[in-house]
Structure formats: structure tokens, C-alpha cells
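Both of the next two complexes hold subunit A, though its partner changes from subunit B to subunit C.
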Partner chain A sequence: MLTLILRRLATAIPTLFAVILLSFLLMRFAPGGPFDGERPLDPATRAALITAYGMDQPLPVQFTRYVGNLAQGDFGPSLVYRDFTVTQLVAKGLPVSLTLGALALLLALTLGVASGLAAAMKPGGRADRSIGLIATLLTVLPSFVTAPALVLVFALGLGWLPVSGWGEGAPRHLVLPVIALALPAAGAIAKLTRAGLTEVLGQDHVRAARARGLSPLRTLTRHALRPALVPVASYVGPTAAGLLTGAVVIETIFALPGLGRYFVQGALNRDYPLVLGVVTLYAALIILFNLLADLAYGWLDPRVRG
Partner chain B sequence: MSAVYEVEGLSVSVTSRRPEPVEGQSFDKLGTAVVDGLSFTLSPGECLALVGESGSGKSLTCMTPFGLSAGVASGSARLMGEELIGLSEPALRPLRARHAGFVFQQPLTALTPHLTIAAHLAEAAMQAGGPRPSRSELAAMLDRVGLDVPDERLDQFPHRLSGGQRQRVLIAMAIAHAPAVLVADEPTSALDAALRHDIMALLRRLQRESGMAMLLVSHDLAGVADHADRLLVMKHGRMMETGPARTLVSTPRSDYAKALVAATPRLDAPIAARPAVGGMLLEANAIRVSFPRPGWRSGRMLAVDGASLSVRAGECLALVGGSGSGKSTLARAIARLGPCDSGDVLWKDAPLPPRSAMRRGDRRGFQPVFQDPVASLDPRWSVAEIVGEPLAWLGQSPPFVSSDVETPDQRLDVTRHERIERVQAALAAVDLPPDFAIRRARELSGGQAQRVALARALVSEPDLLVLDEATSALDVLVAAQIVALLQRLQRERGLAILAITHDLALARLLAHRIAVMEAGRIVEEGWAEEVCASPAHPVTQRLVAASRGS
Partner chain C sequence: MKGLLALLTFILLAALLGPALLPWPYDAIDWNAVRAAPSAAHWLGTDGVGRDLLARTLMGTRITLSVAVAAALVAMLIGTAWGAVAGWAGGRVDDLMMRTVDALYALPFMFVVILLMVVFGRSILLVFLGIGAVEWLTMARVVRGQVIQLKARPFILAAEAAGSPAHATLIRHVLPNIAGVALAYLMLTLPQVVMVESFLSFLGLGVQEPMTSLGILVKDGADDMDLMPHALLVPGAVLVTLLLCLTLLGERLRERFAA
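Then we have the complex of A and B:
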């Protein structure tokens, strides 16, 4: 297991480097720059700013310097929010996104695995068909449809929950965004769990367990569930990274001060260091969660470990 | 003594669903009787073996009364005096848990991959309501089935154990709650020849020790004859013959039982004269093959460790060994079908290029036939396409699929005519009628599919066939026909064969020489009869003992 982790960390460095290089170049080749607002700055100020941030240097020099600073943990200053460094902005947005994403992930897993189990108990039965239909609906409905619908019913209609805002992390403010974020993932997880279980339930070791007189529920949970979750793990890995680093749409709809909003604003404003910082963080999380998914395979099915 | 398990007039039908042509979601249920009015009784301490070919209904006979197959049973089956037929699954479950133990054919997949051996054994011991066994009791269970280092095994996951070891664990689980009846469905047919005898002897010993009854299912008449008390020979769901095991094998009365006995290769059977041998055809020297270790572990493991062999024109060399001995890997490396780290291969005194540098024409002289005939044919292709394909791709006639249109008519007719003729000749060589050419591969039975695979190998008129367990997936009667066909091809065509098999008796039937492999090395090599009559290496001795079934 240690060799696997070390091998992954070794390949993570060139991957991260490639991600940073590509996003750096893409940002620079996109038209416009951080100082091109609607109201043009006077040329002298603009030139001074460009010199101050070192953007008059050739690109390779800028890139080398950026990577050098990054290696020391310095994401650089924000070019638009001029009183803040990128690190400070991320430190403000990340906890919000993390709370939201972790709760949504937990909810999606609970809902998805439970309904997948219920569907697989009797394939073709009424529960299976209705769960299949709902799961399909949830996966195809984009969150900019489900989120306003939820707001309409539970906030505006019934008045049970606030319409939007962070409310300093009060549970009431979290309910709707977490549900809206979790539903599509829950649908996908339910479908994957059901498919995995139906496959595993046809295997010899399940038949052998049945032959020993185990109850259907025990056969399902003890002998079939873990191997059936392997496809779920490969889906949850990258999805978790996406949920945790900020769901742009949900954060915008509910006006939450998460990372996703900084990312979108950074991109629109050509705030190079902010975008690069968020992309680097996102890439690192993707790598981390794929590693966690691989470790999960090893737990779900020891044959993977060899 | 009263019977623990009595079956009277048992019939099993399997319901296959066929969608109706009319609109709507309803299905037309077709019930087909696959077991027809079977009766037998089992007394404590007795072993009855149901013997028959695949499709004879022997597994369904065993499993359906216990609710472990998709079939529907009628008639009567009483376990410890309780009627099983007609019981619902919740009512059957405790009866299975308390009175019956099951051992299945596939030890490799019958254990839950994520549970340790200890967890499996504890669950089995508690299935009839017993207390949770202590660790030393669990180790004792493994010790009883002859597994080495039981204490270490307890913490291992199933995939670390070999097939034979896993079958021992499954047997330990099946007897953990001291059942009255042990049902063993082909418990040894997925195992090596050398192991089969050990496992059968173990089952027999445990059965005698505990006085339980055993219902054994097998396709291998000779393999069970020495272990069972009584045999029941089945065909198409009906009983053909029943009687004491030794009597039935030595003097079978029914024609079917006679055919089964005759079709089983035996080490003491007389051998026909083998065809003459010509000059050197294939020489492989110091072949080494290694694979990366599976999973997260690093390093490589050696599968073939410097093995050398040679085959002369018209000669048959049998490569014999247990599973994992490297015999298939070696043959694949030589035939350039698999990886080869080092070592050289001489084909007709010229070095064979490495796999990556092989051109199509280089393969014409040696053709492979694989173990699973159904898997090695594309189900959608017709027999003519399958058999004719090598002619196109081995450079003997232009590809017939795409470029036929552009070829001048005259030449097209000739090549197409010639191709059809050669396909027909190849089909005739494997005793298939000409009208088989239009059949699809998915319509073929196992034996027919293996004949088609042989025809595909023969159509390019090779000098050497590489047979990888070419008969071991087939029923015993069908396998005997394929062996007879191979012997005829040897005689008539002077075909050389490199045959990979785990079955020494089969090797003796076909081969001039036998090479025995273990752990990637050839440990013994010699004339077939001599190797079988006076085996020198312990591995060979074990294989000989296993084939004798003593």
C-alpha cells in the first residue's frame, strides 16, 4: 500500500505541473487582461501596474517565477481583489465549499447506496422500477432547475427555510443547497449501486452464501454489497473533488461565498493568480481523491491489492 | 438404517421465458422437463454419485429440491423426514442451514472475496445456530481438511489461496455444522488431475468419520468410481443404470454406461502404434517468460524458467503439468502468441522472429486450438467465414471481405472457388458435413465448435498444431471423439502436435513423448509409455497416481 501511495505521489508532480502550465498558457492567450475594465485606466497607471506585477517580463520568466513561488506555498497576490492574496481568498472560500460539499457527498452516498440496495433486492419489482425512474430524472435534471424548484417550494411557498445566503453557516441555510447539490450525485450512485449489486448477486459466492441458509438481507449486506460498490468508488472519487471545491451553479443560486464563485469571477476578471490557484487546488484534490478511490478499491475487494 | 434423504419420482422443469410476438409485456412461459421421474435414497454414511454428461440434469436433481436452482421440482424429496418439494424459500432456508452442506464446482469464485477465511468459517459454523467458534477451533477446522499452516490461513483473503486450498476451505465450511447430507456438485472438476484424487479422498474420509451421507455429482465416471458406494448414471434427465460403483464400472449393463466407461482414457489401456517421425520441426531453447506481479505489489514473477523442447515432423509432444506450472505460457511464448523474455525458437532450422516482428505468413506452419471452443469462435460468424479466414490473412488468397469487388472476375471466381473447396476439405477432415459451412458459430454445440476450431487450424495446411487443453472443456464422450479425430489426423497427414494437458492418460494416448512441467521448468521428459510406467520425478508420480485413481 505504501508503494502505491509513493508511486502516485511521484506521478502527481508532473501531472500538476502540466495542469499549471496549460492553465497558465490558456489564461494568457485568452483576450483581455486583469486591468482591462469597462472604464479604461489611464495608460501610465496601467503600465505601472503591469510593471509592479512583473507582467512586462517574457512569459517563460513569469511562469518560472510563479512556479517557484508556488513551490514555497505562495499563490501570489490577487490582481482584482488587491488587498488580498490568493491564499487569503481561498482560505475564506474553501471552508464554505468544503462544508457544503462534504455534507452533500454524505447525503448523496446515503441516499444513493440505500436506494440502490432497495432496488436490487427485487430486480424488476415495483421499487426497482420507481427508483430507476427517479434516479434517471435526478441525474438528467441540471441543478439550475432543481435548485430554484426547491427554493420555490420550501423557501418561498412553505417558508420553512431561507431563500439564500450563508448565514454564518447556520444549519437552516445549508439544507437546500446541500440537497440541491446532492441529488444528481445520489441518482448516479443509486444506479451504479443497483447495477453493481445485480452483477454480484449472480456470482458463485452469493449462491454459496445462500446455500448456507443465510437470510437475503445478510447475503446482500455481508456478501454482495462491498464488491458491488467498486464502480461507486470510481464515480465518487472525481465527483467528491468537484463537490468539495465548490459547485459554481449552486453557490451562485444560493449566494454562498464559496470557492466556486471566486473561480468564476477570477476567470471573468482575468485574475491570473486566482484562477491558477484554484485550478491547482482542484487538480491536487482530483489526484488525492483518485488515490483515495484506489485505496477504497483495495478495501472493497482485496484482490486488487494482489 | 433409515434413509436421511429420500427422493421419489422427482421431476424438474426449467421455465424459459420467451417474449410474445404480440404487443404487451406478458411472457410466454415454456416449461421443459429436464429431470424425469428420478428416485434414489441415501442412508447415513453412504455416498451416491450421479454421473452423466452436461445437460443430463444431474446438478438440477441435486440443487432444485433445496431451492438452489431456477428449476421447478415436483415429486417428493424428504430430508430427515421433512418434505422439501413445495416449501417456500423462507421455510427451506433453515433446513438447508441445519441439515445440508454444499460444495460447488468452482472453488475460485465460491468464497466471498472481501471476507477472510476466518470470517467464512465462523459464519459457516454458526449457520445452524451454534456458538461463535474460538480461533483455535477455527484453526482445527482447517487442520481437519488438511490445509497447511492453518493459523496463518485464517487471516488471509481467499484470493491468496490456490484452487485446491480454497476447495478445502469450502469443504471445511460445508461440514462445519455437522450436516446430515453433504451435496458435492462436481467438487473436483475445476481442479488439477493430481489434486482431484486428494480432494475426493478427503471428502470420503470426512464422510466416513462423521457418518454423514454424501450426494456426489460428476461427469467423470472413472474419477468417482473408486470413491462412491453407488453410482447412478443419468442421460437426458432419466436414470440409465444404477448399482454398486465397482460393479457398474467393471461390468456396465446399459449401452450408455458402456460408452462412458470406454471413452475415459486410462493409463493401462492398450495404445495403437504411433505414426513415424521425421526431421526436426521446432526447437525452443531456454525460454524464459515473466509477468508483472498482480495488484499493488511491485516486481515480476517468473512463469517459465529456461524451458527447452523440440518437436519433430509428425511427432506429438505432450506438455503435462498442474495449473500454474507454466505449460500454457511456454507454448504461447513458442508460438509467438504470448510474451517471451528470452530464449530462441527455431522453426524448420530458421530462427523465428519475436512476436512483434512476426508477419502473417510466418504463422502458417503452426496453428493453435484453444481450450474453450465456444469462446474462441465469433458467435456471429458463419462456419465458412471462420474456417476461410486464415486463407485470407495468412496470405494464401486475397482478403475476401473487402477487395473482392475490385478483382477481375476471372481471378475472383478461381480464388473464391478454391477457397470454398479448401474450406469444405477442412470441414471434411474434421468429420463435419458440408452444409455446416452456412451455420453460425453460436448455433454449434461444444464438440462441433471444437471441430470448427480444428478445421480453422487445418485449413492453412500447417505442419504443427498447438493444442491448449483442447478437449478438457468437453464432455467425456465428445472428448473421446476429438481425440480419435486427432489420432487420425496424425496418421493421415503426418501432423505434428504440441499438446498441453493436465491429463496424463490423455497425453499417453496421443503423444510420442511427454514433458512434465512444474514451476516453469521441465522436470521430466521421455517416451510417453516410459514416463507413465516408471515416473522418476515426484510430480510425475503424483500425476500417475491421480490418473490411476487408486
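Then we have the complex of A and C:
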């Protein structure tokens, strides 16, 4: 187990470093800087700003300094939100994004595994076929279509839930964003669970359990479900990543003060440190989720350990 | 299968021919009809600055599809070349090339694409180059697997024994045999690319006004949905139908050629 973690970390750290270097270089070679607004700045002011932010130094110096600060948890100052450091903005946005993502992941797993189970009980049956169709439909429904459609029905039409806003994290405000974010992942998880289960159900150890007289339900929960969830576990890493990207759109649509909104604002305003900080953080989170998924993999199916 | 193909063909034809058949260009502004309800003159009504929504939806579908086809082709070219070379070379080269693919899989792609859009300006050309450059990984893995299987087949060995140089064997004997699988994955890449393009355009980072795409139309529709829900629902429905058709067809093709 420990060697698995170490081996993963050995590839994770260079990947993270590459992400930082790539996004750093891209942002620096971008035509148009953060100080090229609608109104041209006075050359002296511009020069003073560039010196103040250390942007007149050679690139390797800037990069080394940036990585050094990063290691100490300092993402640098935001160039557009002048009174805030990127660390402060991230600290404000991250809890919102994580709440949203965790709830959506939970909902997607519950819905997906449950409907996958229901479908696999009787392969080719009516339930199986309709669940299969709905799951495919869910996976292709982009969240930026579902989200406004949900708002149209449940907020504007029926008036049950608020249209947008964070409302200090009140549950009412979270319902629609979490559902919109979870649905595509739920569809994919349902398909994977079904595929995994139908395969496992034909294997010898499951047939042996049935032959020993275990009830179908007990066979399913005790012997079949765990190995069947292996493909689901390997999907959770990428799903978590997908939820993070999806959250960018969901946060924009529902005006939630999460990381994704800062990212989009930063990208539109060329706020280098903010965009760099958020990309680095997202990359670190995705790598972490992939690592956790690998560990879950080993726990679910002992054959892959070692 | 036939129904899906028919629906897809209908959408393709509408996107291709539709804009030319309508009296309104997609960017013509009719100040006398701003946010007009659907009528005989404007079948789907008009948007916030009086542009015909039917014309815009057809044009948007065309742009979304063109970007998707171009980007998927870029992805297929890179992926096939990478996978074929890795699988054919084998050994350390293969190891190195596939490790690179593994590492790239771990990148937060959407953010890399957004970075590219921010840095190099928001042109359609870059949208598809950017998307194509990040969607080739799966193709590379699949093609590599196929090439490794083919390499051991007698007809390839025969070609080698007959003295055919490596590049000729690859082009004449290997590539035609992976065309089916590559085609299936090309179909499966298409909906993903459509999704990425719409996502970027929705955020304002993809296709730029007055040019339009399904993502932009969904965004505009979402902004006006309290006044005219059909402006959201029509482009949304076209987008979802397109994605569904492409995904289902791709899955059928994969079942047929892969497995």
C-alpha cells in the first residue's frame, strides 16, 4: 500500500510541476497584460506597477520566486482584486466549491449505484433498458443546459427554490446547483455500475455463493457489489475532476462565490496570479482525487494490491 | 440506428442549407422586432437585439458542428500517429510515449484549454486547435493497442519478410486495419468536442459575437429565459439531440469494430 502511494506521488509531483510551469509560461507570453485596460495607463505608473509586482525580472527568477512562495502557501497578490491576495480569494472560494462538489459527488454516487443495481438485477428487462436510456441521456446533457432549465421550472415557474445566490450556504440555495452538477456524473456511474455488476454476476464465486443457498440480495451485497464497484472507483477520480470543471459553469450560472467564478473572472481580466493559483490548486486536487481513487481500487479488489 | 442516422442527417442538412434559405441572415438586426414572440415572419421569434432566432440557431449548429469535426479530425490525426508510432516501435520508445499520455491524462484539461483561449485570443481556429490538441489521448491509447495486436499477425510479418520498409508497412498494411476503430473513436470524440466548444462559448471564451454557436445561444437564452423560455429551450434541445445522436452512433460503431 505504502509503495503504491509513494509510486503515485513520484509521478504526481512532476505532473504538478509541469502544470505550474506550463500555465506560468502561457500567462507570461500572453499578448496584453493585466495593466492593459480600456484606458491606457500613464507610462510612469505602468513602469512602477510592473516593478512593484516584480514583472521586470528575468522569467527564471520570476518563476523560482513564484514556486518558492507557493511552497509556503503564498499565491501572490491578485492584480485585479487589488486589496486581496490570491490566497485570501482561494480561502474564500474553496469551501464553497468543495461543499458543492462533495454534495454533488455524494448524490451522483447514491443515484448512480442505486440505479445501476436496479438495472443489473434483470439484464435486458424493461427497467434495465429504460435506466440505460436515461443514463445515456444524462451523460450527454451538459450542465449548462440542465441548470438553466431547472431554474426555469423550479425557481421561476414553481417558485419553490431561489434562482441564484449562495445565501450563506443555506440548503435551499444548494439544491439546484448540486442536482445540476450531479446529474451527468450520476448517469456515467449508473452505466459503469451496471456493466461491472453484469460481468461479476456471471463469475464463479458469485454462482458458488448462489449455489450455497444465499439469497439473491445477499449474494449481490456480500459478493458481487464490491468487485463490481472497481470500475466505478477508477471513475471517481476523473469524476471529481469533472465536477470541479462543471462547478465553474454552475458557479457562474448560480452566482456562487466559489473558485470557478474567480477563475473565469481572472481569465477574462488576465489576472495572472489568480488564474495560476486556481489552476495549480485544481491540478493538485485532481491528482489527489486520482490517488484516492487508486487506493479505493486496491481496497475494493485485493488482486490489484501490491 | 436508422432513426438516429436520419435525425443526424436532418440536423446536418438544416445546418448546412438552412441559413441560405431564410430571408434573415444570422446577424441581421431588426429594430422593429426586439424579443419578438414567434410569428410568421420570425418562426422562433427574435433575440434581445432583434436577430432572428431560427437563423441564429441554424448558424450556431453549423459553427458548432464545423468546430467539432475539425477538432475531432485534429485529435484523430495526432492520436493515430502517436499511438501507431508507440505501438510499432515498442520497447522504451513505447514506454516513454505512453507515460507521456498517462501524465497528460492527469492534467486539468478544461483549464489548459481556457488558458490557451485567454492567452492566444479567442478565435475559432484556436478553439478547435486547442480542443483537438487535448482530445487525442484516448485515440492514442486505442490505436496503440490495435497496432500491437496487428504487429504479430502473419500478413504483417509477411510484408516485413518481403522487405517492405517500416513506414510503408505502417501506411499500407497497419493503418487500413485500424481505420474502423479510429472511425468509431472519431464518432465518440465528436460529442466530447461539441461539449467542450459549447462550454467555452457559454463562458464567453470560445466563439465570439456576432458569430454564434449553440453554446452562445444557450447562454443568451439562459439570460432571457424569464421573458422567453423558448430561446433557451430550442438551442438547448438541438444541442442535446446532437450530443445524443453522436454518442449513440459512436457507441454502436465501437461495439462493431472494437471488442
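As a working rule, the second predicted complex is superposed on the first by the 299 of 306 C-alpha atoms of A that agree within 3 Å, B and C clash if a C-alpha of one lies under 4 Å from a C-alpha of the other, contacts with A are read in each partner's own complex, and residues count from 1 in each chain.
Convention: a residue touches a chain if its C-beta (ideal position, glycine included) is under 8 Å from a C-beta of that chain, and two chains touch if they have at least 3 such contacts.
Computed from a prediction, not measured in an experiment: that's the story for all the values here.
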Pick one for A:Ala209: touches subunit B only (first), subunit C only (second), both, or neither.
first
Which partner does A:His223 reach: the first (subunit B), the second (subunit C), both, or neither?
first
Now for A:Leu111: first (subunit B), second (subunit C), both, or neither, which partner does it touch?
neither
Of the partners subunit B and subunit C, which touch A:Leu256 in the superposed model: first, second, both, neither?
neither
Based on the superposed arrangement, let me know which partner A:Val19 touches: subunit B (first), subunit C (second), both, or neither?
second
Is it subunit B or subunit C that touches the larger share of residues in subunit A?
C
After superposition on the shared chain, which partner residues are touched by A:Ala149: those of subunit B (first), subunit C (second), both, or neither?
second
Who does A:Leu4 touch here: subunit B (first), subunit C (second), both, or neither?
first
Look at A:Ala293 in the shared chain and tell me whether it touches subunit B only, subunit C only, both, or neither; answer first, second, both or neither.
neither
Please give the residue numbers of subunit A that touch subunit C in the complex, ascending.
11-12, 14-15, 18-19, 22-23, 26-27, 29-31, 136-137, 139-142, 144-145, 147-149, 151-152, 156, 241, 244-245, 248-249, 252-253, 263-264, 267-268, 270, 275, 278-279, 282-283, 286-287, 290
Residues of subunit B touching subunit A in the complex
66, 68, 93-98, 100, 102, 104, 106, 109-115, 123-124, 127-128, 157, 159, 170, 173, 293-298
Considering only the defined contacts, which subunit C positions touch subunit A in the complex?
102-103, 106-108, 110-112, 114-121, 191, 195, 198-199, 202-205, 215, 218-219, 221-222, 225-226, 229, 232-233, 236, 239-240, 243-244, 247-248
Listed in rising order, the residues of subunit A that touch subunit B in the complex are 1, 3-4, 203-205, 207-215, 222-223, 226-227, 298-306
